[in-house]
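Look at the two complexes coming up: chain A is in both, with chain B in one and chain C in the other.
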Partner chain A sequence: MSVITSTAPRRPMSSADQATSPEGRTKTTGRQRMGRNTRHQAISGWLFALPFALAFLLVFVLPIISAVRASFFAQVASGGLYGGGERQDTFVGFDNFVTAATSLSFWRGIGRVMLFGVIQIPVMILAAMFLALLLDSFMVRRPGVWRLLYFLPYAIPGIIAAIVWSYLYQPELSPFAGAFPSMGGSPFFLSPQVMLASMANITTWTYTGYNMLIFLAALQAIPTELTEAARVDGASGWQITTQIKIPMVRGAALLATLLSIIGTVQLFNEPSMMRAVASWMGNDYMPMMMAYNTMMGQISPSGSGPASAISILIAAVAGVLAVAYAIVQSRMSR
Partner chain B sequence: MKKSRKILAITAASALVFGMGACSGNPGTGSSSAGGDSKAPVEITYLHRLPDGEGMVKVDDIVARWNKEHPEIQVKATKFDGNAQQMIQRLETDVNANNGPCLGQLGYNEVPEFYSKGLVLDVTTEANKYKDKFSGAFGQMSTGGKISGLPQDTGPLVYFYNETEFKNLGITVPKTLDEFKTAAAKAAVAGKYIADFTPDEVAFWLSAQTAAAGGVWYGTSGDQWKVQVDSPASQKVATFWQDMIDAKSVLTLDRWGDAYGKALTDGQLIGNIAAAWEFAFLLDPLNDTPAEGQWRVAQIPDFGAGAKTGPDGGSGVAVMKGCEHPVEAMQFNAWFNTQVDDLTTQGLVVAALGNPKTPAKALKQFGGQEIMKELATANKNLSMDFAYIPGFSAVGPKAVETAAEAAKGTAKVADVFTTAQQASIDALKAAGLSVAQ
Partner chain C sequence: MSTVSTSRTKRQSSARPTPPPSLAPRRTARVITTIVLCFVLVYFMAPVVWLFIASSKTTAQLLSTGSFMFADLSWGANWSALLEWTGGNFPRWVLNSLIYSCVAGVAGTLISVSCGYAIAKFQFPGRRVLLAVTMGGLLMPVALLTVPLYVLFHQIGLANTAWAVIIPSMVSPFGVFLGQVYAESSVPTELLEAARVDGASEARTFFTMVLRLLAPAMLTIFLFIFVATWNNVLLPLMMISTNELKPVTLGLYGMSTYFSPNKGAMMLGALLGVLPLIVLFLSLQRYWRSGLAAGAVKG
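Our next item is the complex of A and B:
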């Protein structure tokens, strides 16, 4: 979205214009008799799309279908000490969903994720917007260098970032964690009271720079005529920022927040790594962890059935949250 | 955004549906299908996760020797790069897809699970031919009287300690639990700890101690499981550790956390009850430090059942369902697992009978002690009554969670056993098996 906006000619609403025009063109060609050239183009078009379509089908659509099917089945033995020596793939209807949806640890996990998101996402989005505004203003020299520096944490793979931070949080290894008091027998940063904040810190550190880039792209797509006109009319830098720039990046903020909500529900790297240094967390601290460990036989009932049901529930929760956010957002902007 | 998370989520999700197999490739079919031609050699595939590290006799080299001597039975060994849990998942997926190896490494705790899922073959007749070559661990590969393979290594609990530090403190290797507590208290005064309560290892570590105290976690009564995790033997173990945790005379660090290694190198941790296979790497952090060569191995204290110890880990090689040449596979299995000296270099306490040489590395780290003799004694004292249940993999994590609480002081060690008791019953019921009330 931001890409279209930035390459578009510098007038407002240009992206909307662009989006409609190719559609109009295809409509007219559709009505005409297909020329040889057009047919050739159509074939090459499909051929170009083929690799994507195949991969999409293979790694996206099929797994989803397979997961939905699996969620209605369970592998159970037929009683006794070891069963009949073979587990039966049995259709169990909505049993797996009922088990997951009535599981206290699932909702505890969702609760943790929500608490995490309610605090971490606004902090990160505001910080990203602030940094973008700073770089977009004329106050910073060499914005390119700063842009790269802020973005750098994102270049570190999430799991590596989590490992590095887990070292920084352990008093035995960290240069600073030893200075904090221990909380109920746990090291400060790894205690039940602080764990969510510790993980939020990792996430914020990693993704603020990335979200900043989204805002920066949106800011740079604001036509300079607008700000120039405002300046001529006597607007101060503060007024330009609050009255023009921030309202103009509302779309980018919506996108960044939406993707962050979905990303938060799927938190996996951070809790998994932190669990390696804080065993009290258990293997169902967050829903994605719970799904994974159910599949791996580390939580009973285990297997692909219960694990798929948990995954689908997670997707449903993420969907509900995203839709709710979009509705609230559009009501507020009206 | 959060792209890496999304990718991970997608990988995990596709793993969920494809059951790990789709993204991990093909280990080769069970065995050659060219059964019609009697001249063609039989092909056996073998999936293992032995370390194959530096200075060890490589699995491929051992296998090459077999292949040279047995042109009619050609074995192809593949090393699985991942942890036990991932390998189990891979085996299960591949075997179910009729695509599994002929032989696969299984932890003793995983054998009942695989048996109940119908993923292993019953090779009782074949296995019994080789029975006299193995120690009591032979029984660990059997489920309800049906044997699915041969044992490879064992993990009896032993006591590792720093002899020099012990002398400086004026303490000796404790022979009973009371002596252990007294020695721990004495060392703690000097800021030294002769043991560490390791929350992340409790599933095997505490169950092995129950076995050392003469108890078991699981028994059978007729056609039903009898779950007795919180038996009197377990309670004895719980009191032992609770007393020392309360007195702050033991550390409470995770075994696989980085803090454990630091406590070792700092000289704070000067002993611990641990599985015998830890000899292979426990002291690595102390190489080229003043503490190198100061450590020794001894038997664990008497937990109340005499000279007895419990099984903490170890694994065997099982014949997987779909293997077309189980007889030949078992021939190789028996040969491979009796290459005692070679397997010892892999850091294993080998289950086959024999007198393994103590590897040079261990001689250096343990100040010249012939530790293999001591470990063999532990092997001999190993309780063979202890058996696991199908679904044990889900019991461990629950126990670990509570153990972490116990380490912090927000729960008791006894609660670990209560949690494991309930988790075991839940796991059995969820798997559709019968539990005696």
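Our next item is the complex of A and C:
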């Protein structure tokens, strides 16, 4: 009995393995006890996993199924838009997908997200890695204090960070925005040309410290003996950094970038908040805003069908981007 | 799996206050590094300091006085303006946030570690599927679930209740992942065996022994769920329409969309919406790091 359970966490085996070849294990445990143990493991395991599994089913699986189903229906308003019950669901096949996928504003939103991500994510990841390398290099006293202060913006809710920055972008309130020229009637940071950069700054401010901690954890997992041996062999600090440390945090960089891509695709707080101070922005400025406002009846065609179709398309784009990134990354490291 | 625990011990042993002499950098390098780090520090901290100062000013003072200078401390005036503006609901919003985040945090932590423990220590049919699906959930853009979640919760009559915010916030694939990693490395299988031989039920073993061993992981998971719940705007924005049920972030979001908001009151509201998190964050910061470390090492 102890043989099975002690190897269990290391080498997961399916229940089929156990059921078909119970004799092949050890001679000290009888067949009957083995069967009872398997059943005991199965029942206890499921009882411990059940609450989460049910909640996961309700919060992740069912919504996905219902979104897929809803995306094939359109809502014909016979009552108010918010009435819910009065709306008539009509099956429309792939119409919602066609409408969303041929909508110029949807692809404009996707384009903005991609432009945002292509610039913001590398800047943030490289800055986070740079800061982590500095803090890991024995060049400063008390790296813990720096680490804590750099991570502090992460404790500030995204919407509140966006409120604070949207005030800091207004020349009459801000210590720095007055020094920049206004662009076509809008304050510099709130103008159409600069808006994406202004939002990128907010996410960079919030998440750089978080990503820095991911890198620091990976850096500290490198054994000190390794860097010290390199130093003894005559490697310079620069060589140690570029040839030992950076290659060894590649996994952390992959993780941080993937999480950032996923976070960028669902950007909602920052654009919604900036819209409150920059009225030229449309309610479909970014795809997640478009999905929300479609659901809430502010973008036509509205309702859960079109909104679900948009959400599914965004998820598909996110998946494609994440997979593409992972493939490029593995090609490059080969 | 075993690599996780070995690299964790390495990391702990390398919490090194003094470098080995051969790694000590030159003095000029140290000075330049410190200067660079100071500039970065200004970038990260200035908005926080500015928020604190701005919350002490009325709108007129915000427009007329220097940004980083205190004027008359008008916290009192801003507080009354804030109460008047929100119809007395502001303290209630903060309380709502506390309640939603605490309930989701406690319940979410329990179901996460329980599931992580099951995956780490039990063989049951569907274990691999559960593991794979949970890992998939880790990479799921959760905001996209909000629209269908609203439709679903509307159908079962939970929309516009506290549960509509709490239940989705409880489900944390990251929590399960963390619970599993910790259970693998810090709950000895021999101990479970011994408890079984002594005739203790699985539930008793779990609640009296396992949870105690997993306490650090639980604090980390609690923190992550608490903060994620507190920070979420889209979910309550979809789910909650009653003013009295709003969490503070949603309340502030609504206030910020006013045509000409009272900026001083707004800043005080923002500060009060952040303060509980900063306190929690500073007092429990080492649990953040252990959680992120597990993710980074695994990743």
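To be clear about the criterion, the second predicted complex is superposed on the first by the 280 of 334 C-alpha atoms of A that agree within 3 Å, B and C clash if a C-alpha of one lies under 4 Å from a C-alpha of the other, contacts with A are read in each partner's own complex, and residues count from 1 in each chain.
As a convention for this text, contacts are C-beta pairs under 8 Å (C-beta built on N, C-alpha and C of every residue); 3 or more make two chains touch, one makes a residue touch a chain.
This structure is a prediction, so every number in the text was calculated from the model and none was measured.
**Q** Among the partners chain B and chain C, which is in contact with a greater number of residues of chain A?
**A** Counting contacted residues of chain A, the larger count belongs to C.
**Q** Between chain B and chain C, whom does A:Ser302 touch in the aligned arrangement: first, second, both, or neither?
**A** first
**Q** Answer with first, second, both or neither: which of chain B and chain C does A:Ser186 touch in the superposed model?
**A** In the superposition, A:Ser186 touches chain B alone.
**Q** Considering only the touch criterion stated at the top, classify A:Ala278 as touching first (chain B), second (chain C), both, or neither.
**A** Only chain B is touched by A:Ala278; chain C is not.
**Q** Determine, under the contact definition given at the top, whether A:Glu228 touches first (chain B), second (chain C), both, or neither.
**A** Second partner only, chain C.
**Q** Does chain B (first) or chain C (second) touch A:Leu173, or do both, or does neither?
**A** Touch status of A:Leu173: both partners.
**Q** First (chain B), second (chain C), both or neither: which does A:Ser198 touch?
**A** neither
**Q** What is the contact status of A:Pro157 with respect to chain B (first) and chain C (second): first, second, both, or neither?
**A** A:Pro157: touches chain B and chain C.
**Q** Touching A:Ser103, do we find chain B (first), chain C (second), both, or neither?
**A** Neither partner.
**Q** May I ask you to decide whether A:Leu254 touches chain B, chain C, both, or neither, giving the answer as first, second, both or neither?
**A** The second partner, chain C, only.
**Q** Identify the overlap between the chain B-contacting and the chain C-contacting residues of chain A.
**A** On chain A, the residues that contact chain B in one structure and chain C in the other are 59-60, 62-64, 66-67, 70, 157-159, 167, 172-173, 210, 214, 262-263, 266, 268-269, 276, 288, 291-292, 295, 304, 307-308, 311.
**Q** Sort out for me which residues of chain B touch chain A in the complex.
**A** Interface residues on the chain B side: 1-6, 8-10, 12-19, 85-86, 88-89, 112-113, 115-118, 143-144, 199-200, 220, 223-225, 254, 256-259, 262-263, 390-391, 393-394, 396-398, 400-401, 403-405, 407-410, 423, 426-427, 430-434.
**Q** Quick one: which bits of chain C touch chain A in the complex? Just the residue numbers, please.
**A** Per the stated touch rule, the residues are 1-2, 7-8, 10-11, 14-16, 19-20, 22-25, 29-30, 33-34, 36-37, 40-41, 43-45, 47-48, 50-51, 54, 62-63, 66-68, 110-112, 114-115, 117-128, 130-131, 133-134, 137, 139-152, 154, 167-168, 170-171, 173, 176, 184, 189-190, 192-193, 202, 206, 227, 230-231, 233-234, 237-238, 249, 252-253, 256-257, 263, 266-267, 270, 273-274, 277-278, 280-282, 285, 288-289, 292-293, 295-297, 299.
**Q** So in the complex, which bits of chain A are touching chain C?
**A** 1-2, 4-6, 8-10, 12-15, 18, 38, 41-49, 51-53, 55-56, 58-64, 66-67, 70, 84, 131, 134-135, 137-140, 146, 148-153, 155-161, 163-168, 172-175, 205, 208-210, 213-218, 220-221, 223-224, 227-228, 231-232, 237, 251-252, 254-255, 258, 262-263, 265-266, 268-269, 272-273, 276, 288, 291-292, 295, 304, 307-308, 311-312, 314-315, 318, 322
**Q** What does chain A use to touch chain B in their complex?
**A** Touching chain B from chain A are residues 59-60, 62-64, 66-67, 70, 75-83, 85-87, 157-159, 167, 170, 172-173, 184-186, 203, 207, 210-211, 214, 256, 259-260, 262-264, 266-269, 276-283, 288, 291-293, 295-302, 304, 307-308, 311.
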